[in-house]
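Should a chain be cited, it is by its letter among A, B, C and D, assigned in written order, with residues numbered from 1 in that chain.
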Amino acid sequence: MSPASDPAQIEAVRLRMVELGFHVDLARSGDRPILCGSGIDELQSYDHLRQLRGWSSVDDVVFSQPSTKFLGKSPQTIDLGGGVVVGGSAIVIFAGPCTVESETQLFETAEAVSRSGASVLRGGAYKPSTSPYSFRGMGLPGLELLAQAGKRFGLKVITEVMDPRKVDLVAKYADILQIGARNMQNYDLLHEVGKISKPVLLKRGLSARYEEWLMAAEHIALAGNERIILCERGVRSFETGTRNMLDLAAVPVMKALAQLPVIVDPSQGTGKRELVTPMSLAAIAAGADGLIVEVHANPDQAVKDGAQSLSPDQFESLVPQVQAVARAVGRSVLVPTKV
Amino acid sequence: MSPASDPAQIEAVRLRMVELGFHVDLARSGDRPILCGSGIDELQSYDHLRQLRGWSSVDDVVFSQPSTKFLGKSPQTIDLGGGVVVGGSAIVIFAGPCTVESETQLFETAEAVSRSGASVLRGGAYKPSTSPYSFRGMGLPGLELLAQAGKRFGLKVITEVMDPRKVDLVAKYADILQIGARNMQNYDLLHEVGKISKPVLLKRGLSARYEEWLMAAEHIALAGNERIILCERGVRSFETGTRNMLDLAAVPVMKALAQLPVIVDPSQGTGKRELVTPMSLAAIAAGADGLIVEVHANPDQAVKDGAQSLSPDQFESLVPQVQAVARAVGRSVLVPTKV
Amino acid sequence: MSPASDPAQIEAVRLRMVELGFHVDLARSGDRPILCGSGIDELQSYDHLRQLRGWSSVDDVVFSQPSTKFLGKSPQTIDLGGGVVVGGSAIVIFAGPCTVESETQLFETAEAVSRSGASVLRGGAYKPSTSPYSFRGMGLPGLELLAQAGKRFGLKVITEVMDPRKVDLVAKYADILQIGARNMQNYDLLHEVGKISKPVLLKRGLSARYEEWLMAAEHIALAGNERIILCERGVRSFETGTRNMLDLAAVPVMKALAQLPVIVDPSQGTGKRELVTPMSLAAIAAGADGLIVEVHANPDQAVKDGAQSLSPDQFESLVPQVQAVARAVGRSVLVPTKV
Amino acid sequence: MSPASDPAQIEAVRLRMVELGFHVDLARSGDRPILCGSGIDELQSYDHLRQLRGWSSVDDVVFSQPSTKFLGKSPQTIDLGGGVVVGGSAIVIFAGPCTVESETQLFETAEAVSRSGASVLRGGAYKPSTSPYSFRGMGLPGLELLAQAGKRFGLKVITEVMDPRKVDLVAKYADILQIGARNMQNYDLLHEVGKISKPVLLKRGLSARYEEWLMAAEHIALAGNERIILCERGVRSFETGTRNMLDLAAVPVMKALAQLPVIVDPSQGTGKRELVTPMSLAAIAAGADGLIVEVHANPDQAVKDGAQSLSPDQFESLVPQVQAVARAVGRSVLVPTKV
């Protein structure tokens, strides 16, 4: 409470806390009264407690319990089937084009990344685009191509869903549903992917704090789906020399906080092809459980984000470097068992 | 292009531009070759041009046309009917609680703000909440209460829509649909509100650049709805002393760029009741076309955001101060004509 | 303390606090032990208390006293002599070129701003420049010209000092010494200007939080000089559409926190001439005690920052607008009494 | 130029460029005229060219040459003597306490880090402190202790200099002079360290862009000293879960841009002891040439920054992990040859 609080103000806050069910202790720090509540679950009274912040005599309300009921309790691994487990000792590599453009483009890329060591194929069928005059993705035919390519080349498939009305449709074709950075706090979408049985990759919002990212994941978990993978993909900053600022400290922080697997997107996280390799290696050294890398059969012809896409050759030379760093930190890269 | 480009690389880029339909001039700046295209609409080739950024010989692609087809051409005003026009010479005041909590709370607040000079009633029926354990709004009954309160006290009604599936429902009850900061780049939602005939208030995203905000508005316009009001509500920053950093330069910048009305949210923009008045006055002085202010009949009991809500008395004393500054910049505050 | 702390860990921290001289209360919030110290001046044990943050059982150390001994106690006004008082009811306008370039340039500009209503002449003799190939100022001859121009046109003079070895020299010529944003935490420089008898204008650092800015001012005060004016000049952000993000909420926040006059720099704060007028008016409406505006007799020929400089005509038309807004908030613009 | 420019405006800009010595080409991009100058060194006319940005008909001035004359031309290594070379294939580890507190503290720490694999001893004798009530360092006795400890344990010594008047003094005792983040744009200090013959470690400013950091280094180089090591130490961001945001992409970016060695400070860069190891490994994987790590003989008793200091045991277990990752990326950790 404010140091200037009078006894009546202190008593009013105390009574309100008692009314909410708390046992209340009064202490003093310097000349500041502190009311400490205990005895009940704070999350039950979340809004009511925060409400006290608006009282003129109250300087701050600090919660002392974790802000989650589902996440952060015990380490989770996400088993995608077929031996692909995210969050175990093996690093899982997700790779593929930014956007599905055509069968040829997708299949060529999928074949290449499969051969080089990827276990999961990425590719956008529905694309968020800053400009409405930019390509928005192939939609359903893109989903079908992804599923076919995954099957053909023994890859699990991940693709983004943006619209809560399309969650069931996307879940039919994809092994993992991706929530993009722009939608990290699109709660209706989070609740919808919380109702399905497929795992969800939750990208960090453009300027999301760790706690907010955790809470977004908890929204999904509370809706019923705890199979969540987190993805650090760079945040917005003042720096104009890279597209985003890749915050690798997020990897150990979020693993500890959420006890979920955390992978890293070095393509989106830097926006520059020549930074993908060093940032991939750094991510693994920081403890990431996987990478999601943009690869295009012909980056110069990529409809989107060509500047941050690797060619198949560049990807092929990345993987053994990732393996070397993985071994240095006591891990390995998952070797997909192709049927 | 890169200064190191050889003639073959320059020719390859030139040919690609010719293929896209451009007339191409080659110039030199220092030792850097520059290829300048003209003759066709750049937006037609938006992705194809950006694609060139991925070519190793190309350092940057700069667009020289405006990035919009609909917005930014001529100044728009938004007529809400009943004499309430946003973007004209009169400042329009939007006020009301963060969240609709009950009939009593809403009606008391609506009566108070109506009496003091508000023309539009705000109030959330569907609330985005960082924590899933926080109140998510009353939903449909909240919408009904808003519509009733608006009718009773002669106020237009604005409320947030988060789910594309609820756009039609919300549009039945509200005079203006609000897109919140977290959903500024939720494109499926933007397209949905682009199909209705009601005006849309588009809040700036937490870390949206001016150009991205403009483009989000253009998404709505391209989908069919040019009746858009922009709202600066503070952006995320390193400063921890306020909830958000209110960027008032956005007011003149966005008015010039989008030619749309721009209003300011000093409540969300600061998170502190005592900053609402100075920031309201500053917003008007900067050229804002309106204010959207959180007012609660009893801020200490507010379920959400009480710390940034004004009491009816505080709001009543704000309005004449706004009027004084409005007059100083050659404007006035809209006086609602109550039936 | 951490909820997992055992009794021995709690006792260890308690004993350390007792050793530092505190009376200690133990309370509980949820399952978290809280040790509350009182009875002595926390600032005496500042480092020792912060040290506890490194103990594994300690989650956080929160100070409950203000962090200053000098500032924030009672409102200060800065009397520059000759009727120029900053922080009183009258708004004081500082104006002049970014950089002193020549006698002609400075005198023409000084005459113009004096005629139009400025009370203080600004101009850089020592210029911080990102590029070493940029002009670094005229140095001593620039100081002499400033002092002469001030005398001739009845203006007080402000100029930047960057080097602690030049503080005495600059203090000979200037009425106010400016500490630029890049040097807000150059503590040796702060201590040096703390030893002189001239007032100091302390610009906010590029990414300084309110508390850090206050503490920088306290460094000066502790060194002996409490005659400090604060200047909000925009902070670094992700936005690329303006040079800096002008944080006008800083005005009421810092006035309350430091009890010092706060002025605003709309030129540096936006980097764009066309934003200087709206942001000047907004600053006054937010409660600023003054403005510092870049004006150049011929902006197109300005060696530095021409894009954000007003012409004399533009400045002349700004002042009456500032007066109108000042009146609207119960203040006036200081009218300099020219001898 | 602006698309709205008329022929007279274009001609005026062209003539100004010719006057500055350029050969000028006129091209068109869309409906935008572009004037491209060549034939002379742009840096000679740096301010004059930037000046054109203030002309109403000019939208932007883009430089096409590198912004440096000294740096970025060829890769530099910094030889500290005694076999310690920064920027070669071997990783160099800098370690030691945040602040020199006493002979015992420093010598115990120095012995420990020397034994475990550090080649350079760090320790502050002059400390920048946000609060004036915090310890500011031992000063000269601290320098003497550092030099003695370095000698005794076969370590090179690095310490911070903040005051241009103390550069010669500090250079007498230290092998490398450190410019701290707060002083990255303290140009008088940069020029002073540019005049000495000892190498300089230039930490990145709290919110410095890559280009600004490069230019700060160029200030030192232009003053005469090209023996510069860069240090990424985290930047200011919106994230409150870590003290700073460690931007590891800065490592490959700055190595390419400046061709100088780049080391990383994982202690300051995160503020949390438990993040020092993962971020150290990530830094090496990203290509860093060294680490600077805070180690304290007894972190719980550290006067400053104990929460981010490793104990000698923790440091000892860090080094082999760094070695493993270094080997994985084809490098090694420098093994100091103790006399």
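Here is the rule we go by: a contact is a pair of C-beta atoms (placed from the backbone, for glycine too) under 8 Å apart; a residue touches a chain by one contact, two chains touch by 3 or more.
Just so you know, these numbers come straight off a predicted model, no measurement behind them.
Shared contact partners of chain B and chain D are A, C. Between A-C and C-D, more C-beta contact pairs join the chains of C-D. The most distant chain from chain B, with centres taken as the mean of CA atoms, is D.
Computed centre separation for the pair chain A/chain D is 31 angstrom, with centres defined by C-alpha atoms.
Averaged C-alpha coordinates give centres for chain A and chain C that are 40 Å from one another.
For the pair chain C and chain D, the distance between C-alpha centroids works out to 27 Å.
Residues of chain A in contact with at least two other chains: 207, 236-238, 240.
On the side of chain D, the complex with chain C involves touching residues 43-44, 46-47, 50-51, 53-55, 67, 69, 128-136, 162-165, 182-183, 185-189, 205-207, 212, 215-216, 218-219, 222, 236, 273, 299-309. Residue ranges of chain A in contact with chain C, taken from their complex: 3, 25-32, 34, 36-38, 42, 62-65, 207, 236-238, 240. The residues of chain C lying in touch with chain B in their complex are 207, 209-211, 235, 237-242, 245-249, 251-253, 256, 269-270, 274-275, 278-279, 281-287, 321, 324-325, 327-329.
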